[in-house]
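Across the two complexes that follow, chain A remains constant while its partner is chain B and subsequently chain C.
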Partner chain A sequence: MNLKRKITNYGIAFLIILSLNFLLPRLMPGTPLTAIYGEEVLVQMTPEFKASLIKRFALDEPLYKQFIFYIFSLFRGDLGYSYYQSGSVFQIILAHLPWTFLLVGFSLILSTIGGIILGIESGWRRGKITDKAILTGMMTLSGFPSFFMGIMLLLFFAVNLGLFPLQGARTPYADIYGIWLVLDVVKHFILPLAALVLVEVSGCYLLTRNTMIMTLRKSFILTAKAKGLPDKKVRYRHAGRNSLLPVVTRTGIKLGTAVTGALFIEIIFSYPGVGNLIYSSLLMRDYPVLQGTLLMVAIFVLAANFFVDLIYKKLDPRVQNAY
Partner chain B sequence: MLKIKDLRVSYGKLKVLKGVNLEIKEGECLGVIGESGTGKTTLALSIMRLVDEDSSASLEGEIFFQEKNLMEMDEEMIRKIRWNSISIVFQNKEDALNPVHTILDQVKEPIMENGGESKKEATEKAIHLLSQVGLASRCIKAYPHQLSEGEKQRSLLAMALANDPEVLILDEPVSSLDTTSKADMITKIKRLSRGYSVLVVTHDISTVAKLTDRVAVLYGGRIVELASTPLLLSNPRHPYTRGLLRSYPNMTTTKDLQGMKGRMQPVEKGCPFYPRCTQVVDVCKRKNPELQKIGERFLACHRGGILPFLKVKNLTKYFDSFRAVDSVCLTLYEGETLGLVGESGAGKTTLAKSIMGLFHSEGEIYLEGEKVGERDKKFYKTVQMIFQNPRESLSHRLNVLEAVREPLDIYKIGSFRQRSQKVEQTLTEVELPSDEEFLDRYPHHLSGGEIQRVVIARALVLDPKLLIADEPTSFLDASIQAKIVRLLLNLQEKRGLGLLFITHDIALARKVSDRLVVMLKGKIVEEGPTPQILSSPSHPYTRNLLRVAPTLT
Partner chain C sequence: MHIKYWEELKKDTFGKIGLVLFLFFIVIVLIAPFITRDPQVQTALVFEAPSLEHLLGTNDVGQDIWSRLVWGARTSLLVAIGVGMLSTFLGALIGASAALIGGWYEEIAMRIIDAFLVIPTVILLILVAAFIRPSIWLLIVLISFLRWQGGARIIRSQTLSLKESVHISAAKSFGASRFYILFRHIIPDLAPILVVSFIYSARMAVFMEAGLAFIGITDPSVVSWGKMMHHALNFYYLDIWKWWLLPAGMALSALILVFAFLGYSLEKIMDPRLRKSNA
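After this line comes the complex of A and B, so read on.
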C-alpha cells in the first residue's frame, strides 16, 4: 500500500471520529446545550450566559453550518468551555497533558526496553536458572493490578520510609527554579513511574520471551551460529531482531492509550495528568472536558497506529508485500 | 583434510549416528547419500559442532580437521573454525536466510566478523561473490522474501564462500529447486567449489553423480557402502544401495522402478538393514557388520554385499558334436534380474535346462557358493523354472488347486491343510482368485494370462530364491505380458527373488533386467549392467539387436 492511500485512510478515520464527536451530544434528547452541560448546570446559568453559549456553538444555525463552525473552532483549538473549571477545555487539557506524557512516555520506554532485553536474555537461556528466576518474578508482577502496585509503593516508600513525596507532580507553591525544579519533579515522579514500569514490564517481557523462543527454532538461527558469529550477535541481531515485531505492535497499541493508560496510578498519586483530569471530570460530570479528552485520545490512537505502521515497515521488510 | 572417526550422535534416546567413519581428502568432493531419517543432516551439523545446540544431543567420537580434534575444542575455538575453515550451504527451506536483513548484509556479515576487512572491502567482496553465483544485481540489496528459491539457494552458496573456507559442506544444495534451476545450480557449485574439499549431503542421486568423486551410502546411522561414484552407481553391491538406485527415477536406468520391501525402522542390534534385506542370515540380526574394504570399495555386510547367487562356470553342452552351449560363464546375484538375450537357436533354453539339470552338461555350477552336483530336492526348492509355453507345462488332468499343490505333495511339505493354505496364499500373491470355483478349474478353462500365473504360482509355492523364466511371456498378448512382467518384478521386490529372464526381445529385457547377457551361437558375447550395454554395446551382434529392436518411430 502506498503512503498516499494510507494517509487518505487515516484522514477518513479522523473525519469519522470528528463527526461522531460532533453528532453525539446533538443527537441526545433535549437541547444540545443540556446534553453538553447537563441539567443542573443549565439551571444555574444566567440567560445571558446561555445565549452566549448558544452563539458560541452556533446552536441556532442548521446542522451543516454547526458542523462547519465546529470544525473551524476545533482548528482554532476551541474544544469548548468548562463551566466547572471556568476555562477553555483546550487549555485545561493542555495543562494536564505534559505530566501524562512525562509519566507514560518514560514508563513506556523503560518498560519496553527492559521487557525486550529481559525477554531476549531469558528466552535465550530457556530452561536455565536465570530464565526461571526472571520468569517467576515476571509472572508474579503480572498478577498485580496497577492500583495495587501503586498503593504498595506509596505505602512503603512514601508513607513508611518517607523517601518520596506522597502526591502531586511537584511541591506546591515552592519557589524553586532550574536544577532544583527538575529534581523536585523527578522526585515526585519516581514512584508513579516505578509503579507503572513494574506493572507494564511483565507483559512486554512475556511477549518477547515467547517470540524469542519461537524465533530460536528458526533455521536462520542455525545459519547465524554456523557463520561463527558471537553469541551476542546471534542473540540480538538475528534472534532478537526477529522477535521484536509483536512487541512493537503491542507498544504501539499502548502508545495509543498512553493518555489514559496511567489513570489509576495518576489517581493514587494525585498526579495532575490527563487520567486524573478524566477522573475528576467524571465525578463532576464535566462533559465538555470529557468529550475533549476523548477526542484527544482518539487522535492519539490514530497517530500511534500510523506510527507503528511506519516502524513496522522498517523492522520487517516483508510487510510491504503483505498487504 | 577432514577425518571423522567413530562419530556417534544421539538425541535423547534416539540414536541417529552409530559410529560413522569418513575421510574427506584435500580437494575432493565426497557425497553422502541417505534418505530422510538416516542422519545425514546430523552428520553435516556435527562436523560444524552445531548439533550441540540441541540440548538433548550427545556427541561422541572424533573429528579431525587438519590434525586438530574439533570435538575437543571449546566454544570459542569452534566459533573461529566455523565459516573461516568449514562452512556450510544450508538447504533453502523455511528461513535459512534471516527475513529481516538484506542478502548483502547477510553475506557481508561473516566477512566483517572475521575482521581484517573494512566495511567497504567486505561489501565489495560480498557483491563480487554474489555476482559470481549469478545473482542479478537487483537481488543483492533485496530481502530474502523477494527472491525466488533458486536465488535464495545461490545466495546461501555465496554466503558459504564468504570467508574462503577449506571445507565446504553442502546440505541438500539443490533439492528445493525445480529441474532447470537445479541443473544450473549444480554447474555453479561445480565451478565455484573447485579447490575446496567438499562434502555433499543429499538424498538426490543425480546430484551425487554430477558433483562427487566418491560417495558413501548412509543407512540407519551407519555407512553401508563407500566407493568411487561411477563404480557405486553402476555396480552397487550393498542390498540397500541397489534398492535405492532401483527406486530412483532417472534417464540412465531402463529397468522399471522398484521399491524395497518394508520401510526404514530403527534397529537395536545387528545390521541396520536386516528388516528389509532379502538375503538376511542369523548373524545379521545379532551383529552389526563393520565397514570393510572389499576390492575397490568399502562395504558393511556380513555376506559381502549382494550374494552371487548362481554361478555358472564353463558350462558346455554338446548335442552329438554340435556345441549348443560353449563354455558359458555367468553370475546371477541375489534378488536381481539377469536378462539373457539372444535369437532362437543361440542356446538360451539349452543353457537354462542344463542349469536345471534337465540336460547333462559339462562345467560347474555353484549355488550360494556351494558346488552343485546332482540336482536334489534342495536344489529344486531353491531354483525353479517356468517354460515358454505355459499350456504344455500344466497337466490338463489337474485342476488349479492340484496343479499348484503338486510340488508340495511331491516334497511332502506340511499337512494337507497347510498345503491348501499355502496354495491359496501363493495364488493371492500372483494376483489370482483363490475361491472354490477357481481352484476347481482345469487349464482349458483358463486364459493365457491366467495359465501363466498358475504356472508361476506352481513355481513359487516352494518359495524358491531363483526363478529361471524362459520366454515366459512370448505366448501372451502385450497387455497381459506387461502384467506378468510387473508381477515378477513385484515378487522380486518383496521376496528378493532372483530372475534369469530369458528372452529374444531386447526391448523387454531392458525393462526388467539389472544386468544383461547377450548370447550368440552358444557363446556369451557381452555382459554388463543394462544401461551400459544399451548405451555402448561393444559387440556388433548386440548393436544389431539394438538396431532392429522395436521402436515407435
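After this line comes the complex of A and C, so read on.
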C-alpha cells in the first residue's frame, strides 16, 4: 500500500465521520435546532436567540452551503455552544481531555509491557503447566467487558474493602497541595487504571505468544542455543526481540479500543475524562457536547492510526504491506 | 487444504468449553418461557433476597431478577446471531464479489472497506445510536453495517487465492461447471473463514449491545444485561448487587467468552503453524 493510497483511505474515513456528524442532527424529525440543542432548551430560547442560532449554523441555507459552513467553523475550532454547561464545546472538551490521555496512555504502556513479558514467558514454555495457566487466565480476562471489570474492582476494592475512593479524580474541595495532591490523584487513578490494564493486556499477550511460538521455530534460535547462550538471553535478546514488531504496531492500532474502554471505565468511576463527558451529555441530551466530543475522539484515534501506519515500515524493513 | 474442523475443534480444550457453553446458552434461551415468569411484571415485593420463590431475589420495582437474567440472554443471543449472520453475509457478498468481479468495482469496495477499518467503530456507533435511539432490530442492522469490513477483506483475499489454486484448476480441467466449483470447492473452503467472521462479529455485537444499554442507549421494551448492570449499580451500597449485578455481568462475560474461545480455537486450527498435531 503506497502512501497516496493510505492518505486517501484516511481521507475517506475522515469524510465519513464528518458527514455523519453533520447529517445526523439535520436528518432527524423536527427542526435541526431541536436535534442540535434538544427540546428543553428550545422552549426557553428567545426568538432573537433562535434567529441568531439559525444564522450561526446557516440553517436557512441549502444543505451543501450548511456543510461548507460547518467545515469552516470546525477549522476555526468552533464545535458549537453548550447551553447546559454554558460554555464553548471546544473549551469543555479540552478541560476533560487530559484525564483521558492520562488513563489511556498509562494503560497502554502497562498493558503492552505486561502482555509482552507474559507472552514471551508463556510462548517459551509452550504446552507446560505455566503456559497453560497463563493462557487460560488471559483468555478468561479477554471475556470481561471493560465496564464489568471496572464495576468489580469498584465494588470489591472501594465499596467492600474501602481501600480506594469511590469516584472522581481528586478529593473534592480538599485543600491539599504538592506531594499530597499528587498522592491523592494517584489514589483515585489506580482502580480505573487497573481495570483498563486488565482488559487490555490479553490482546497483547495472545499476539506476543503467537509470534513467539513462530519465532522459536526459526533457525537462528537453534544457532543461539547451540552457541551455548544462557536461556534468558535466547528468550529475550533473540526470540523476544524478534517477536516484538507486530506487538508494537498493534499497540497503535489498539488505541481505538483503549479509548473506548476508557470511556466506559470513566463512567463507572465518575472519572472526569471525555467518557464521562459523553455520558453526562447523553443524559442531558446535550447534543453539541456529545457530537463535538465524539468527533474529537474519532479524529484523534484516526490521527494516531495514521501515524502508526506511517512509521510501520520504518520499524521493520521486511514489512511492505500491512496485510 | 481440507482440515477436519469439527474433529479438531472437539479435540481443543478451549473449543470444547466454548461449544458446551454455547449449547448451554442456546438451551436456556429456548426453554426460557418454562423456567421463568414474566420479566417485566412489577410487584410490591421489592429488594427481596434470593429464595426458592425468587431464585435471585427481586429488584427495586419488584421484578424477578432470575427471569430478567434469562430473558437478557435472549436479547444478547439475538443480537449476537443477528449481527453475526448479517455482517458475515455482507462481508461474504462484498468480499467475494470484489474478488470475482474485479476492476473498478473491486477498487471502490476496497476503498470503502479500508476507510471503515480505520474508523473507531464503537465511537461512531454511540454517536449514531444516541441520535436515532434504535430498536433492537435496527441496532442489529446498525452494528452489522459497521462491522462487515474486516470479514470482507479476509474473504476477498481468500477467494482470490482460491480462484488461482491448483485443485480449482484441476476441477476445471475435468470440465466442472462454474456452479459445481462454487458450491463444491469455493464455499466449503470459505466456510471456516465465514464461521470465524461470524464468531468475531457476534462477540463484538454482544459487547456493543450491552455497552450501549449500560450507558442508557437502549430499547426500553427489551430486557438487557447491560441495562440490568447499569440499574443495579445505583444500589451499590446495598448487598443486592451480589445477586443482581454480579450474575448479569458474569452471564455477559460468559457469553463473550464463548465466542472468544470458539474464535481462538478455530483460528488455531486454521493456522497450521500454531497447530500442535502438525508440529
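Here is the rule we go by: the second predicted complex is superposed on the first by the 232 of 323 C-alpha atoms of A that agree within 3 Å, B and C clash if a C-alpha of one lies under 4 Å from a C-alpha of the other, contacts with A are read in each partner's own complex, and residues count from 1 in each chain.
We adopt the following convention: contacts are C-beta pairs under 8 Å (C-beta built on N, C-alpha and C of every residue); 3 or more make two chains touch, one makes a residue touch a chain.
On a predicted model such as this, the values are computed, not experimentally measured, just so you know.
In the superposition on chain A, A:Y10 contacts chain C only, with no contact to chain B. Once chain A of one complex is fitted onto chain A of the other, the partner contacts of A:F144 are limited to chain C, with no touch recorded for chain B. Within the superposed three-chain model, A:F269 lies out of touch with both chain B and chain C [touch as defined at top].
After overlaying the two complexes on the shared chain, residue contacts for A:W124 are found with neither chain B nor chain C.
With both structures placed on the common chain, the touch criterion links A:K225 to chain B but leaves chain C unconnected. Once chain A of one complex is fitted onto chain A of the other, the partner contacts of A:I213 are limited to chain C, with no touch recorded for chain B. With both structures placed on the common chain, the touch criterion links A:P25 to chain C but leaves chain B unconnected. Number of chain A residues touched is higher for C, counting chain B against chain C.
Residue contacts after overlaying the shared chain place A:Y205 against neither chain B nor chain C. In the superposition on the C-alpha atoms of chain A, the part of chain A touched by chain B in one complex and by chain C in the other spans residues 127.
By the touch rule above, chain A contacts chain B in their complex via residues 127, 218-220, 222-230, 233, 237-238, 241-242, 315-318, 321.
On chain B, the positions that touch chain A within their shared complex are 45, 48, 50, 53, 55, 79-84, 87-88, 90, 93-102, 109-110, 113, 143, 145-146, 159. Those residues of chain C that touch chain A in the complex are listed here as 14, 111-112, 114-116, 118-124, 126-128, 130-132, 153, 157, 207, 210-211, 214-217, 229, 233, 236-237, 241, 245, 249, 252-254, 256-257, 260-261, 264, 273-274, 276. Chain A makes touch with chain C in their complex at residues 8-10, 12-13, 16-17, 20-21, 24-25, 28, 35, 127, 139-140, 142-145, 147-148, 151-152, 154-155, 159, 206, 210, 213-214, 217, 256-257, 259-260, 263-264, 267-268, 278-279, 282-283, 287, 290-291, 294, 297-298, 301-302, 305-306, 323.
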